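Labels A, B and C are assigned to the chains in the order they are written; within every chain, residues are numbered from 1.
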Amino acid sequence: MKPTRAFISLLLLGMVGCGGGGDKGGAAPAASGTVLIGHYGSMTGSEATFGQSTDNGIRLAIKEVNAAGGVKGRMVELKTYDDQGKSQEAGTAVTRLITDDKVVAVLGEVASSLSLAGGRVAQQYGVPMISPSSTNPQVTQIGDKIFRVCFLDPFQGWVEAKFARETLKANTAAILYDQGQAYSKGLAQYFKEAFTQMGGTITTEQAFTGGDQDFSAQLTTIRQTNPDVILVPGYYTEAGNVAIQVRKLGIKAPLLGGDGWDSTQLAAIGKEAIEGSYFSNHYSFQEKRPEVENFVSKYETAHGQKPDGLAALGYDAARLLFDAMGRAPSWDGTALAKAIAETKDFPGVTGKITIDPERNAKKSAVVVKMEGGIPVYVTTIEPPQ
Amino acid sequence: MMARSFLGAVAPLAVGFALAVALHLAAGSLIAPFYVKLLMDIGINVILAVSLNLVNGFTGQFSIGHAGFMAVGGYAAGVITYYGSFLLFGNTHVAEGWLTGGDLLFVGGCLFGAVLAALAGFVVGLPSLRLRGDYLAIVTLGFGEILRVLLQRTGDVLQTAEQVEKAGVGTLATSLGGSLGFSGLPYYTDLFWVYVFVTITLVVALRLKFSSLGRAFLSIRENEIAAEAVGVNTTRLKVRAFVLAAGFAGIAGGLFAHEIGTSLNPRELGFQKSFDVVIMVVLGGMGSVSGAVLAAIVLTLLPEALRGFSEFRMPIYALALILMMILRPQGLLGLREIWEMKWLKR
Amino acid sequence: MTKFLQTLMDGVAVGSLYALIALGYTMVYGTLQFINFAHSDVFVLGAWVSYTLAVVLGYAASGSHPPLWAGLLILVAAMATCGAVGFTIERLAYRPLRQAPRLNVLITAIGVSLLLQNVGQLKWFFGTQPQRMPSLIEDRVLGTVAGVSMHAVDVIGAGTAIALMLVLEWLIFRTRLGRAMRAVSHDTAVASLMGINVDAVISFTFVLGSSLAAAAGFLYAMKYPGLNQPAHATWVLLGLKAFVAAVIGGIGNVRGAMLGGFLIALIELFGAAYLSPHLRDIYVFSILIIVLLVRPAGILGTSVAEKV
C-alpha cells in the first residue's frame, strides 16, 4: 500500500505548493477608485522592441488620460506581462490578467500568432481585447470580443503592390519571404495577388527560414530573373541581413517591405544596404497632422527617440479603449465590446479609425523610404472605397 | 495471491480517480480559474517528467527530443477533436456534458495521439538506441528539429464545417496551421482528465519500477555491458522504455493542446521545451518517480512566482543544473522514492 | 554554370567555418570522450566579443575605415578571450566530473551551454537586439570568374580558416605537444604513465578548440554582419551542423572534422540551390541519421570494439 499513501501525500504537497505559490503570485485587486487594464507583449526575446514600443505608447496614453481626470473619474492602471515572444506564454499571460488580476480589457499583441493565442483566452472569458498591431485576418475572426486598430495584411499587400506599380513603375517583382512566419507568408501571398491583378509579373518566389543568415542560393536565382523590385516581407532582423547580401551580390533593384521592418534596428543592421528601400507602415512621424506632431513631441520628450509605428498604435489602441470606456454604460465584457464596436472616426495618430462590422479598422497606410538611416515619408495610400 | 496483486493495482487507481473527480468538482467553486490552470499545467508537466524518467532515469539513456513526441501527440489529438468536432457537431464548441460525446472524442484523440507518438518513438528509437548514449542525444535533437520544419510547412487550419466535410483525410492531416500554430482547439482539458492520466502514469511508472522489468531497466543504467552479459536484451528493453515514454508524452501533448491558454506552435515544441523536461528529471533525481513529480511541481510554479525576473530564469536553471551535477549528481532524491528517504523512516 | 560556381564558392567559404568549429568538438571528444555541447556557444561568444571589441575601438562609427591590422588584432583578442573561457569551463565544470558517468558530464555540458547563451542575452552583456558587425575588411570584388564575383571578405575568410587548419595539422602531427595530445586521446591512463601531464594537455585541448571556434565566430561575423542575439535559434542550428560535420568526418579524428565541415556545407548549399531551399536543415540532419545508421564511426573514423 506504500505507493498509494505516497501518491496521496504527493498530491497534497502539490496543492500546498500551489497555495503557497498562489499567495506570492496573486495580485491584489485594483485599489478602489482605479481601473485596471492589461497588456501582454514581447518585452524580451528577439522581437523585444515590438513589445517595448507598444508598452511605451500605451503608458503615454494612460498618463494623458489620468492627467485629464481619468475615465469616468477613475484613474487607469496598467499591468504588463512579458510573453517572451512565445504563444504559450501569451496564453498564460492573458489568463492571468483576466482571472487573477481581473482586468477590464486587454491590449495586445503585435505578432499575430501571439494575438491568436491570447485572443482565444480573452474570448473564452468574455473580456474585450484590442490588438494594436496584429495584421493577420484570422485574429479578429476569433470572436466578438476581439478587435484591432491597425489595417490587415490583405490591404497591406495591396498597398505595396499599388506603390510598386504606380510609383516605382515596376513591371516585374521577385519575392523573398520567411516560410516559418505566417505574417511573411501571408503578406507575400497578398502582394502577389494584387500585383498580378494590376498587370505586373512575379518573376520568382523564394523562401528562407527565419534565422537563416545565408540567402545566396535564393538571391542568385532572383538575380537571374532581373526583377524591377524585390519584396522582402518579414521582420527587421531578416530585412537587414537580406539587404546586405542583396547589395553584395550586385543586385541594384530597390527592396520593398511591410510594417515588420519598423524598428530603429533596421538601419543599425542594414546601414547603407537598406538605403533607398521602401516599406509600408501605419504612420510616419513626419506626417503634418496635429495628432502626429503632438504625439511625436510628447514621446520624444519622454523617451528621447522618435516613436515608431508600434508605439503610435499602442497609443491609439489605449486611447480608443478609454474613449469606448467613456461611452459604455458599464464595463462588463458585452457592454464594453459593444462600445468599442461602435467607434467611428476616432482621431488616431495613425489615422481616422472606424471599427467595421468585422471588428477591424478601415484605415490608410503610408509608405516610407529609408534615407540617411531614417524612414522618410513618401506617400499615403487610401483604401479602395 | 492473485487478489492481493490485483488490489495492489486497482486501489491506487481508484484513489487517484476519486481525487481527480474531487478536483473536478472543486474546480468551479473552490479553486480560482488561474489556479485551476496552474494545477493543469502541473499535471501535464508531471506526466512529461515521469515519462522522460523512464528513459533518462530508469534506462540511463539520454533523450532530448521528448517535446517532439509531445508535439506528435498534441497535433494528432488536435486533428481528431478539431476536425472531428466539425464532422460530428458542425462546430468546434466544447460539447457539453461529462463523459459523453465531446469528452469521448477528446479522450479518443488523446489515445490516438499516444499511439502515434509511441510509433514515432519506435521509429526514432530502434535505430538510434543501438548506438552509444551520446549519439542518442543528437539524434533525438535532430528528430525534434526535422519535425519542427515539417510542421511549419503544413497548410492553414480549415475554418468552416463545409471545408472540413469536403476535404479528404490527407488534407485534414496536413492542415495543421504551419508556423501560425494550431489554435482554436476546443478546451476539453480539465482537472479530471489531467489527473486521471496523471494517476495512470504514476501507477504505471511505480509498478514498473518495482517489477522485474523495471529492475532490468535499472540494470541497463547501472552497467549496460554487465546487463547484456547476464542475459538482458538491452536494445529491446531500451526501445521498450523509449516507446512507452513517447506514448505518455503523446498523452501529455493531447492534454496540453486542449488546455485553455495554450496553442500548438512548432517553434515552441522544440529543444527548449525538451530541455525544460530534462531539467525536471535531472533535478528531481533520475530514476525517482516522486522526485520527478516534485521537480515538475516546483518548476511549474517557479516561473509564475518569479514573473518579475523572467530574464534570469534560464541562467538560474542552467547554473542549478551545473551545480547539481557537480555537487549532488543524483539529483534531489536519487534513485529512491520519497517514502524511502532515510529521514522519513522511523 | 554561374549558379554552380557561386554555390561551390559559398560552400567552401561556409565549410571552412563549419570545419573550424567541428575541430573543437572532435578534439574534445578525442581526449575526453564526451560531446561538449557548450562548444557552439563559444563560437557565438567569439562573434559577439569581436563585435564588442570593434565597437570599443571605435570602428562602428559610420565612415570609419579601420586599418588592416585592426582585423587581425580583434581576431587574436577574440581567440584569446574565448580560449580563456574554454579553459575556465573545463576547470570549473568538467574537471570535477572526470570520473563521473558520461551522462552527468553531458548534462553539465548542456547546463554550460544554456548558461552561456542566456547570460549573453542579459543587458549587461550583449543584450537581446541584433547588431551590425562593423566591416573590418573592405569588401572589394577581387575578380570575376564566369559571372561569379569573388569578394575579398570570402577569400580572406576561407584563407584564414584554411591557414588555421594547416597550423593545427602541423601542431598535432609534427610537434611533441601534438604527440602528447594524440597519446592522451588514444589511452589516457597509459599516457599519464608515460609521463605526460594529462591535465595540462586536456586544458590545452580546450583552449585550442575554443580559440578556433572564436576564430570561426569572427570570420562568420565578417561574412554575415547582421549578428542575431546570442540565444537565437540560428546559432544553435549552426553549432548543430558543425557537430554533424564532426560526426560525419569521424568524431575524434582531426582531419575527419575538416573534411566533414566542407562536406556538410556543400551538401547543404547545393541542396538549397538545386533542390528545395526550404529543407536545407533537413538535408543536414538526414545525412547525420544515414551516417549513424550505416557507418557510425564516420568517414575517416575507425570503429573501436569495446573490450570488456
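We adopt the following convention: a residue touches a chain if its C-beta (ideal position, glycine included) is under 8 Å from a C-beta of that chain, and two chains touch if they have at least 3 such contacts.
If you're wondering where the values come from, they're calculated on a predicted model, not measured in any experiment.
**Student:** In this assembly, which chains make contact with chain A and also with chain C?
**Tutor:** Of all the chains present, those in contact with both chain A and chain C are B.
**Student:** Any chance you could check whether A-B or B-C wins on number of contacting C-beta pairs?
**Tutor:** By the number of C-beta pairs in contact, the winner is A-B.
**Student:** Return the distance between the CA-based centres of chain B and chain C, expressed in whole Å.
**Tutor:** Chain centres of chain B and chain C, defined by C-alpha means, are spaced 35 Å apart.
**Student:** Between chain A and chain B, what is the separation of their C-alpha centroids in Å?
**Tutor:** 33
**Student:** Multi-chain contacts in chain C: which residues touch at least two other chains?
**Tutor:** Answer for chain C, listing residues that touch two or more other chains: 121, 233, 237, 278, 281.
**Student:** For chain A, what residues touch not just one other chain but two or more?
**Tutor:** If we look for residues of chain A contacting two or more partner chains, we find 44, 179, 209.
**Student:** On chain B, where are the residues touching two or more other chains?
**Tutor:** 149, 153, 267, 311
**Student:** For chain C, which residues are in contact with chain B within the complex?
**Tutor:** Listed in rising order, the residues are 34-35, 93, 96-97, 100-108, 110-115, 117-119, 121-122, 231, 233, 236-237, 240, 243-244, 247, 278-279, 281-282, 285-286, 288-289, 292-293, 296, 306, 308.
**Student:** Which bits of chain A are touching chain B when the two form their complex?
**Tutor:** Against chain B, the touching part of chain A is residues 1-11, 13-15, 17-18, 21-22, 24-25, 44, 81-82, 84, 86-88, 91-92, 94-96, 99-100, 112-113, 116-117, 120-121, 124-125, 136, 138, 141-142, 179-182, 185, 209.
**Student:** Would you tell me which residues of chain B are touching chain C in their complex?
**Tutor:** My answer: residues 56, 60, 62, 64, 127-128, 131, 133-135, 137-139, 141-142, 145-146, 149-150, 153, 225, 229, 267, 271, 275, 278, 282, 286, 311-312, 314-315, 317-319, 321-322, 325-326, 329.
**Student:** Provide the residue numbers of chain B that touch chain A in the complex, in ascending order.
**Tutor:** For this pair, the touching residues of chain B are 8, 11-12, 15-16, 19, 32-35, 37-39, 42, 149, 152-153, 159, 178-181, 183-184, 187, 199, 202-203, 206-207, 260-263, 265, 267-268, 290, 293-294, 297-298, 301-302, 304-305, 307, 310-311, 337-339.
**Student:** For chain C, which residues count as touching chain A in their complex?
**Tutor:** Those residues of chain C that touch chain A are 2-3, 6-7, 10, 14, 62, 121, 128-132, 139, 149, 151, 224-226, 228-229, 232-234, 237, 269, 272-273, 277-278, 280-281.
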